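Please find the structures below.
Same chain, two partners: chain A is paired with chain B first, then with chain C.
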Partner chain A sequence: MKALNDLPAWIRWPLYALAGIMLLTLVQTFFSDTERLTQVSTSREMLRWAVPIFLAGLGGLFSERAGVVNIGLEGMLILGMWFGAWGSINYGPWIGLLIGVLGGALGGLLHAVATVTFNVDHIISGVAINILAPAITRYLSDELWASPTTSPSTETPDKIDLLFLGGGNIGEWESPDLLLSIAEREWWFISDVSQLLRGLVTNVHWVSIMALALVPVTTWLIWRTRFGLRLRIAGENPGAGATQGIDIIRYKYLGVIISGGLAGLGGAFISTELSGLFQGGNSAGRGFIGLAALIFGNWRPGGVLVGALLFGYVFGLDLKDLDGTASHALLLVNTVILAGVGAWALTKRRTTDAILAGLLGVGAFVWWISAETVPDWWSNILPYVLVLLVLVFFSQRLRMPAALGQPFRKGET
Partner chain B sequence: MRKFLFSLSAPVGAFVLTLVISSIALWAFGSNPFAAYGDMLGHASKLETQVDILNRATPLYISAVAAAIGFRMNLFNIGVEGQYLFAFLIAAQVGSLVSLPAVLHIPLIMIVAMATGAFYAGIAGVLKVTRGVNEVISTIMLNSIAVAGLIAWLQQRWQAEQEEFTSTTLGTNPIDESGLIPHINGIVEIFTREIGQGKELTGVLLVAICVGVAYHLLLTRMRFGFDLRASGLNPFAARAGGVPPKRMIVAAMVLSGAVAGLIGLVELSEKGKFPPNAIQGLGFAGIAVALLGRNHPGGMVFSALLFAFLDVSAGILQNTEAATKEIVNIMQGIVLLAAVVAYGISKRFQEREEARETAEALRAEQGVMA
Partner chain C sequence: MAPAIELTGITKRFPGVVANDNINLTVEKGEIHAICGENGAGKSTLMKILYGMQPPDEGTMKVHGDVVEFGSPTDAIDRGIGMVHQHFMLADQLTVLENVILGAEPTAAGGVIKFSEAEAHLARVAEDYGLTIDPDDMVETLEVGERQRVEIIKVLYRGAEILILDEPTAVLVPQEVEALFENMRELKEGGATIIFIDHKLDEVLEISDSITVLRHGKTVASMPNDGVTAHDLAELMVGSELPTPETAESTVTERVGLDISAVTVVDDDRRPVIENISLRIHEGEILGIAGVEGNGQSELVDAIIGTAAVTAGSISLQGLDITNLSVRKRREAGIGYVPEDRHHEGLMLDAPLWENAALGHQTQAPYGSRWLMNRSGMRSQTETIKDEFDVRTPNIDVSAHALSGGNQQKLIIGRELTADPSLLIAAHPTRGIDVGAQAAVWEQIRDARAAGLATLLISADLDELIGLSDSIVVMLRGRLVARLQPDEVTPRDLGAYMTGAATQETAEVH
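Coming up: the complex of A and B.
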């Protein structure tokens, strides 16, 4: 365990992922009829569903690193959904994404004015934005599209296959498709891994690639640049920062506006790519799930991505799992994971955690044994249950920015 | 007097700003704002419309009190939505299973509703104090779990048990007349003309009034309400003063959920069951009403009436085609955001004023001494 923790994060997380895929393969081979747990389509859907959650969570990271709680992410995401759809319909896919970003950023600006300039409680302002944003989109939709909840269908940029890994083209020349050739061999486990990887490299949306690239970019920006240092000071100890001559107010504004822009991009992604049109209620609480991913990821970009992929996997699996067999197999996966969490808690002498994990694990196991499939309502709520469970087990191990949610006024420390 | 006028300036300012912005929004899409406002006000002057407004304001007010109990101690129960829908379903089912005289039947349904809401909210409270789970996220997740999961599941199950299965039997089984809170047209008609168009003023209005009075007494007359306010104003001081913070969090959540359980009574008494398309969104609207009314028992009466007036006006706008009916949602959103900002500004002014007065008093005292 110690040796594992000493490895750098970029080696450690892929190892965890491999262990997870191994678990999925084992369950699939020996205990279940489904093949969906490791199919190409599952990981493709996972990525598609994870992107908006990740972008919202990353938005939350910029805002909360600057000390402003952003419950309004959901509203900003909804603004991004509408403006992205509107832009895409009128000016084409790329401009549409840009307008979506601007729409979300506008929501961020509103939140910044309320919380930073007027010191309104961050959660109250966020709740107000979450109520205002859908109202704005309903009005605009009704005026422009003659329906408060639905737009005409939208356009999205072409999707691409990555070179070599996914058989992408350069001009006329088609590169070899390495992962496909491995997947076709049907080697146990190895083909499963390449199936899942294939979902991430073929038929990928440009925004997904951008989102993945944002992990290293954000890490560099927040921990290696002057901008990032100042942003973090605004969230950790703004009073001390102000005595150093840093314009705290400005950095808080920047953090919250960037936050809104990222949530807006996530929203535009939903309306142009995920659903292909703007539809009221299609945000499905993803702004809030992004916040949960932020907490799960301990306010770090890589962690947010892991959280988003986890939640995205459950959403993506549910989407294609019409007969409930894959969700049923997932019960056994849950049992094993909960057993693992319980054992881990025992080694740390955290008895309550161990008992809780044990009880939940036994529950999942009994359900798995006693039923052949699970009903559709269970797969619908599984992502939300997962968010709750993750928070229940990991909330206390986290460290949030020290001055998060606290008001700041110039000249007062 | 000056202080009173001062505290009034924030909501009035927010209201004026709302009128300005929504007028711009209406004008920008070619509607005449004055015609729209005229239609809304003209419609609201009719007795029947006022009944509609009160019927809508009743659940909004109860919902607002539920949210306000949490807000008073900086506890954000965003889960009123899930709590009331879940409580509504369970109470309707239990109510349909028994046959009792009205004096027992109605209280039974109310108690079941309150207990269910309290239980569901209590989960978030317990998770917060034992596991450190932020109540905002957990109540939002519990909303989704209640609406997409529990309610869908239980409805499916109970419907499978029904012998005949037609579109009219959708929802839970009908409750006997004895379990429904009767309408109170009779009381109103003592003071007014007869209420026409078959409109009925819900008897739950009386329940809402009781809830408001109880909330007022809780805050001003009871130890628990004092502890609640103290924990909200300064948790450290409250703790030092012997208020157990964890128990307060759970108690506040439970109480908030219990009140939330009563929201569904209006629809339950009107439809006699949990209908398949039960009204959603009252929980979120209640949060807005509570914030606009500053968690004050009286203030929330005004904000509930304002929100209900806007909701009901949507119908007349659609009929007269003076404007898109969605404008009322915009007005609700803007008045809320403008009000919370205005309250922030006025609080700042107030603090500055107090600081100035103290400084002047000090200076005067020092002048006397010198």
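Coming up: the complex of A and C.
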């Protein structure tokens, strides 16, 4: 464990991912009839689901690093969905995305005015935005499109295949499709890995690539720039920042507005690229799940991405899993993971945690063995279950910004 | 040469009170100038004015001979004035370097922080003034004295040559105070001017070159530190002899009030935060606990009051085993509690006094019964507390935050003592309250002792601890490491035990 922890994050995380895929492959090979756990379509759906979750979660990161709890991400995502669709219909897909960002940012601005300027409780303001956003979009849809719930189809930007890895083109020339050729060999595990990777490099949305690029960009922004340092002080100890002449209010505003903009981008992505139209309810709670990914990811961009991918995997798997066998196989995966957590807790001499993990593991195992399939609500609650488990077992490792949720008044320290 | 600071006729009024009344202050360049006065004498207000946090209503300020007007701390910083606040202004989860450069970050294009340049600058400052610190440490891992050093470096990093230190010794143990004074002398060597706020007179006399005394918002004296005695200063500060926390003859009885036997409490990681603690407090006895904050004192209180689970050992109150009772049952059994942080644990700041008076006793007469509150009982009892304990308030309907710290504390102590407890736990009972209220609190604790209460006193004010206690134990890293007699011990000795510099063969305490 120690040696693993000493590795840099960019080596460590791929190793974790490989271990995870190994587990999936084992379960799939020996204990289940499904092949869906490692199919191309599964990882493609995972990414499609994960991108809005990630963008919302990253939005949450900007807000909460500045000390403002943003439970209004869902509302901002919905605003992004509507404005993105409206912009796309009127001005084409790219401008549509931009307008979606602005729509979400508007929600962020509202949240900032309420929480930063008027010191409204952050949860109350966030919930208000979550109630307001669907109502506003419903009204606007009815006015503009004569239907309260759906818009006409939007224009969708092209999707791309990556060079070499996914057989993308440069002009007329078609690059070799490396992963496909590996996948076709049907090597155990190795082909499974390349199947899952193919889903990430073929038929990719530009927004997905942008979203992934935001991980290093955000990390750099938060930890290497003046803006990042000042944003963090607003969330850690605003009084300390204020005595050094930093305009805390301004950084809180910026954080929350950026937050809304990112959630808006996630929303616009849903309406313009995933569903091809605005449809009420299509957000499917991804703003909330983004918040869960933020906590899961310990308020760090890379962690948020991992959380979003994990949650996206569960949803993506469920999407085409009509008979419930693949999600059923996940139960066994859960059992193994819980057993691992239990063993880890034992080595830390945390008996209560170990017993709890053991009981949950046994529960998952009994469920797995006694049923052939699982109902569809299972995959819907799984992300929240995951977050609860993380909170229960790893809460000591979670570091939220120290002044998160606390009101800040100018001149008081 | 013009003085570093020259304040003339500074007046600052707040609603209902004149905080600074025509104050004059001259600080020469390169000196350590102490400003003393009791709490509420206007020291902090004056420093806030000097640091640009509040504008004065009247008066002029000169820095190095130039008349200045500060709109914000930034203006003061530009003039080379820096302030080290009493409560540290540091973010725990940022590194030392990040905390230091905050607001004065050297940046390249695009706002990218030039960390290596910042680090070099910090190293230069630290070397010039003889202060050592590792810039990459997280602040949360630092000791109190180190945090203070970070605060000082933060000010120097910005090029300040005039430093305001606001009660810098309040949070330090005697040994750390010495290290601070050493640093201050080196700062002076390096050419800095230091304004030093304190009300501990021996410290003032030890370190300062000149002394200014404030009382009730006025300058009552300003003099070089030359042949002045603590007695003189004390009289200037309060206008009469200083009250002392001394107790009269012993009232300790044979009857055991609180009996703590081999108690251990563990934290979330199952590491013991207090370990195998045994204590007995007799009726009529005040037992003082000394210790640097965070060495298990609050956990001990939690264990007694019932907010932390006892892993091993037992606690009994007048023979009744309370180890596994709920907090409410324990309170009903006769535990009075004056918490360390009166704003977070002692009061509901936005609620009126008569609701606050019932807090913790809400199930007992006259405040209420098991299911119902008794409004008129609450109100009349609050009136009683107000009169008996001299809580100065226009009426009992004002909210608790309208009271001064001293009056809030008197309300809390009154609330606990009128409930007729058999044990009183007083954690830092006089922290942050003025001298008058302090004397009143001491008086009330003494009265409680005379009335036969067992009292557990925790305090960082070592004089208070020595003055009031019948017996003192020292806690270090969750254990009792020494038991001392107050009439034989000095604050210095206590400090040595508190930091582990001195040890006692056996601290078996009974």
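What we mean here is this: the second predicted complex is superposed on the first by the 396 of 413 C-alpha atoms of A that agree within 3 Å, B and C clash if a C-alpha of one lies under 4 Å from a C-alpha of the other, contacts with A are read in each partner's own complex, and residues count from 1 in each chain.
In the analysis below, a contact is a pair of C-beta atoms (placed from the backbone, for glycine too) under 8 Å apart; a residue touches a chain by one contact, two chains touch by 3 or more.
Fair warning: this is a prediction, and the values are worked out from it, not measured in the lab.
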item: Touched partner set for A:Phe227, first chain B, second chain C, both or neither; value: second
item: First (chain B), second (chain C), both or neither touched by A:Arg185; value: neither
item: Chain B or chain C, by number of chain A residues touched; value: B
item: Which superposed partner A:Val392 touches (first chain B, second chain C, both, neither); value: first
item: Chain B versus chain C as contact partner of A:Ile124, first or second or both or neither; value: first
item: Touching partner for A:Trp378 - first (chain B), second (chain C), both, neither; value: first
item: Which of chain B and chain C A:Asn237 touches, first, second, both or neither; value: second
item: Chain B and chain C contact sites that coincide on chain A, given as residue numbers; value: 396
item: For the chain B and chain A complex, residues of the former touching the latter; value: 25, 29, 76, 78, 127, 130-134, 136-138, 140-142, 144-145, 148-149, 152-153, 156, 284, 287-288, 291, 324-327, 329-330, 332-334, 336-337, 340-341, 343-345, 348
item: Chain A partner contacts - residues on chain C that touch it in the complex; value: 53, 72-74, 77, 83, 85, 87, 89-94, 98-99, 101-105, 107, 110-113, 115, 154, 268-270
item: Contacting residues of chain A [partner chain C, same complex]; value: 224-227, 229-230, 232-233, 236-237, 239-241, 243-246, 348-350, 396, 399, 401-402, 411, 413
item: Chain A residues within the chain B interface of the complex; value: 71, 110, 113-114, 118-121, 123-125, 127-136, 138-139, 141-143, 148, 285, 288, 291-292, 295, 352, 375, 377-378, 380-381, 384-385, 387-388, 391-393, 395-396
